[in-house]
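Both complexes shown next keep subunit A, but they swap its partner, so subunit B is in the first and subunit C is in the second.
And then the complex of A and B:
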């Protein structure tokens, strides 16, 4: 009997290794491959000859612009919706319908969000192919993640804090803004960072909403077209046969570094805050 | 049953029934709570003590299916009238909970929370309120040198007194306490009981307790609730020495849950 259980335990451990090791190896491999192509010039100069020479500064800056624009759009809407669902929504059929829509929204393929963004922001609202259109598209993509992270963070705040606050004559809104949100802050911020990390690596949503392969200038405003790391990589690999491989690896390495930095940073910060928290 | 009455009736319940959807939890309770007196509510688990207490400052409003019938008057106005400002009501009827629940904020900010909600910004005023409330709650001397330390760094008994100070800071006329000492050790419990006796000099105190000795020691009036019915309500000494109803007798002498 005993060995039978042990065998199952070992099988599960093996499954865990199969889950963790290949991606870890892939990440390491990419970094190793990327290293020769990364230089000061590659990071800080403009592309030349359709990206075959020069650097990818506009792609790095473009991705940062996108992150900034996405944050501006997703934070107030996502946190607002999360607060409404967790703190104010009546427990009725409409609320449950909205929650279900939210869950399913998170499963919609990102290319569909791209088409949605193209139709709504680029064409209907007339924002054209721009950082604005792409940011809003990425915001739509990440909204369910931010709403869910906010709700989870709010549910984690003990009911007794709400009761204490209400019993002192606070309105529900005062309770949320002065007690609940400060307690839930860490969860909201880390959730948003993780969502942004996801958005940073997306290609499909920006494909038709404003990304360009090579631009001679840095973006000047939210209405500019832009370069972005994932799109640059995608085109380099599929459309530019003359692209030296180490330059593609370098792009991949920089993108991966950016995304991992956000994820690891968010996780470390969350753990630190968790240790500090007293309730 | 003696209809407890006095010149200063703070709360008057007339035939109050409370339902959770189909569940009839409080069954036609009529009683008065007097100013500057401590009224204890005793009864076995599930008899509706918390439900009755929480109906007085409408802390059960958020529960779907909760319904109150009859009349609950606090200082002459019906608590459940549609026009009642719940927020204003809760400022006049404070509450202390079973488990100490200070906010994860400093001792000072915990006490100043209520006054700040009401727009009090003056540092001088707030300092005064904080000192006065903590003194009333018999906590001032223990914490006066660390007002900016976290309220959660205090012991359980101190936390509960902090919660009492926090409730007192908004100057309520009635203080509702739901088993305020049940999570505390005997020494901390004794402090809370002393405190209650001091508090009643200023306001009406209603306390739910499972502890017979506590009810006998601190309260002036005692209400015995059983299955949502008010079995007996009288002067505490009378309830504990010569109860009229056999069920009361059984309960206080430990012959019932």
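And then the complex of A and C:
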């Protein structure tokens, strides 16, 4: 009888093993396949012959521009909203509506963000297909991630810190800005990094807000059209039959490296800070 | 109230505003299509002929495709996800669970276009060979890849639900002479089923909204699918593949926004169900 139950526990562990195997194998496989295609020239030169030759520097730089623009747009609103929800929001119907909006925003499909960004930023506000439009679209997509990360980080600060500060005569805002926020800083920064990693890998939202497959030069301003790694990979794979496979693997490898480096970096940093904590 | 506090309040309401604006713009851009062509056939038919005279726009085939692909992902993903969550919450020592949890975080970070690329290069040929199909670009292949992509959501939320079961339940079960597996399967899992249900619905919402992977692997055929091994085009792939080519303010353009509105409402409903399951559990 015992062995029957042990067999079931082993089946559970086997299922766990089978669920982590494909993603691990995928990451490893991509890096191995990408190595032959990655060279100094591939990373640091402009595309030639419609992307079939030359390098993908504009795609790497374009993705960095997007992340910069997304950060500028999402940080003030996301962190502000997180602070409001954690520290100031009254317990009433409007706040519950706000919470519901937050949950739903997190569930909106990325292609719908694309439609939204196209309508409001590209057309209505007249930014055209540009880094600005795409960054703002990605900011809307990452907003719920930043708000939630900020709120969680603030919830993690003990209530006694607030009480001590308030009892010394500090106002609520002084308490939040000088006592609570510094304690929650790591959580906010790592949460934002994770959100940006997500933004860097998104394709659907930038598909219609300004991404181009191959451009001969680097973006000059936020109003420029741009290349981006995920979009470049998508078009290479699906629409350029003449594209050599090692170039696709190299693009995929560079994109994956960028995204995972941010992710793993943020996770390790968070764990280290957590260990240092005195409360 | 200091001005900084006013600013963060404003930021809070900006979240509400953006969510509302998404809905408002989708409705506004859909309206010209709904006003002139809105009928029940839009949902039931499977003819999508944007450039014929007169053009025909019916999304039944795309809705069924989305349903099939999501169904395949859930049917394959949920058993693995729940068993993996049981391993992490109940069987493995915490130190080992942490390692596995970080692997799932890495999975969640892989961009969907990269999953699509791998699916195209590896999964699709494998499926074609295994089931002896003319093409591996099928709804089944897309569902298979999606089942891997939804695992982080499934596992982390199911694990959370299992850990939230009060320790006394397990202790009472052991006191009555049950062994570890009996306790897990008969006491802990049933007590956590609300949370696991919410995890399944959230994963379903992710699967329905996933765009790049299905656009690259599902095959893209417009007709109503008759089998899970047919090439098909789910609703997200329809929007992503045509919106760049549709002339602005053409009827096709507005029809695509209508498809987007339907997609938005479906994911809204699925997420609302997940949220209500979680809230219901808390209230108890």
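The rule is short, and it goes like this: the second predicted complex is superposed on the first by the 272 of 279 C-alpha atoms of A that agree within 3 Å, B and C clash if a C-alpha of one lies under 4 Å from a C-alpha of the other, contacts with A are read in each partner's own complex, and residues count from 1 in each chain.
Note that in this section a residue touches a chain if its C-beta (ideal position, glycine included) is under 8 Å from a C-beta of that chain, and two chains touch if they have at least 3 such contacts.
What you are looking at is a predicted structure, and each value in this text was computed from that prediction instead of being measured.
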Identify which of subunit B and subunit C touches the larger number of residues of subunit A.
-> C
Once the structures are superposed on A, label A:215 by its partner contacts, choosing first (subunit B), second (subunit C), both or neither.
-> neither
Applying the touch criterion given at the start, work out whether A:57 contacts subunit B, subunit C, both or neither, answering first, second, both or neither.
-> neither
First (subunit B), second (subunit C), both or neither touched by A:171 | both
Return first, second, both or neither, reflecting whether A:223 touches subunit B, subunit C, both chains, or no partner chain.
-> neither
For A:72, select first, second, both or neither according to whether it touches subunit B, subunit C, the two together, or no partner.
-> neither
Could you tell me if A:240 is touching subunit B, subunit C, both of them or neither one (first, second, both, neither)?
-> neither
Return first, second, both or neither, reflecting whether A:183 touches subunit B, subunit C, both chains, or no partner chain.
-> first
Set of subunit A residues, in rising order, touched by both subunit B and subunit C = 171
In the complex, go through subunit A and note every residue touching subunit B.
-> 91, 158, 160-161, 163-171, 174, 178-179, 183, 277-279
Subunit A-facing residues of subunit B, complex | 57, 59, 64, 87-88, 90-91, 94-95, 97, 99, 101-104, 113-114, 117-118, 150, 152-153, 163, 166-167, 170
Spell out the part of subunit A that touches subunit C in their complex, as residue ranges.
-> 2, 5-6, 8-9, 11-13, 15-16, 18-20, 22-24, 26-27, 29-30, 76-81, 83-85, 87-89, 97-98, 100-116, 118-120, 123, 140, 143-144, 147, 171-173, 177, 194, 197-198, 200-204, 207-208, 230, 233-234, 237-238, 248, 252, 255-256, 259-260, 263-264, 267
Residue set of subunit C touching subunit A in the complex reads 2, 4-5, 7-16, 18-22, 25-26, 29, 79-81, 83-84, 86-88, 91-92, 100, 102-107, 109-118, 120, 122, 148, 151, 155, 179-182, 185, 202, 205, 208-212, 216, 236, 239-240, 243-244, 248, 256-257, 260, 263-264, 267-268, 270-272, 275
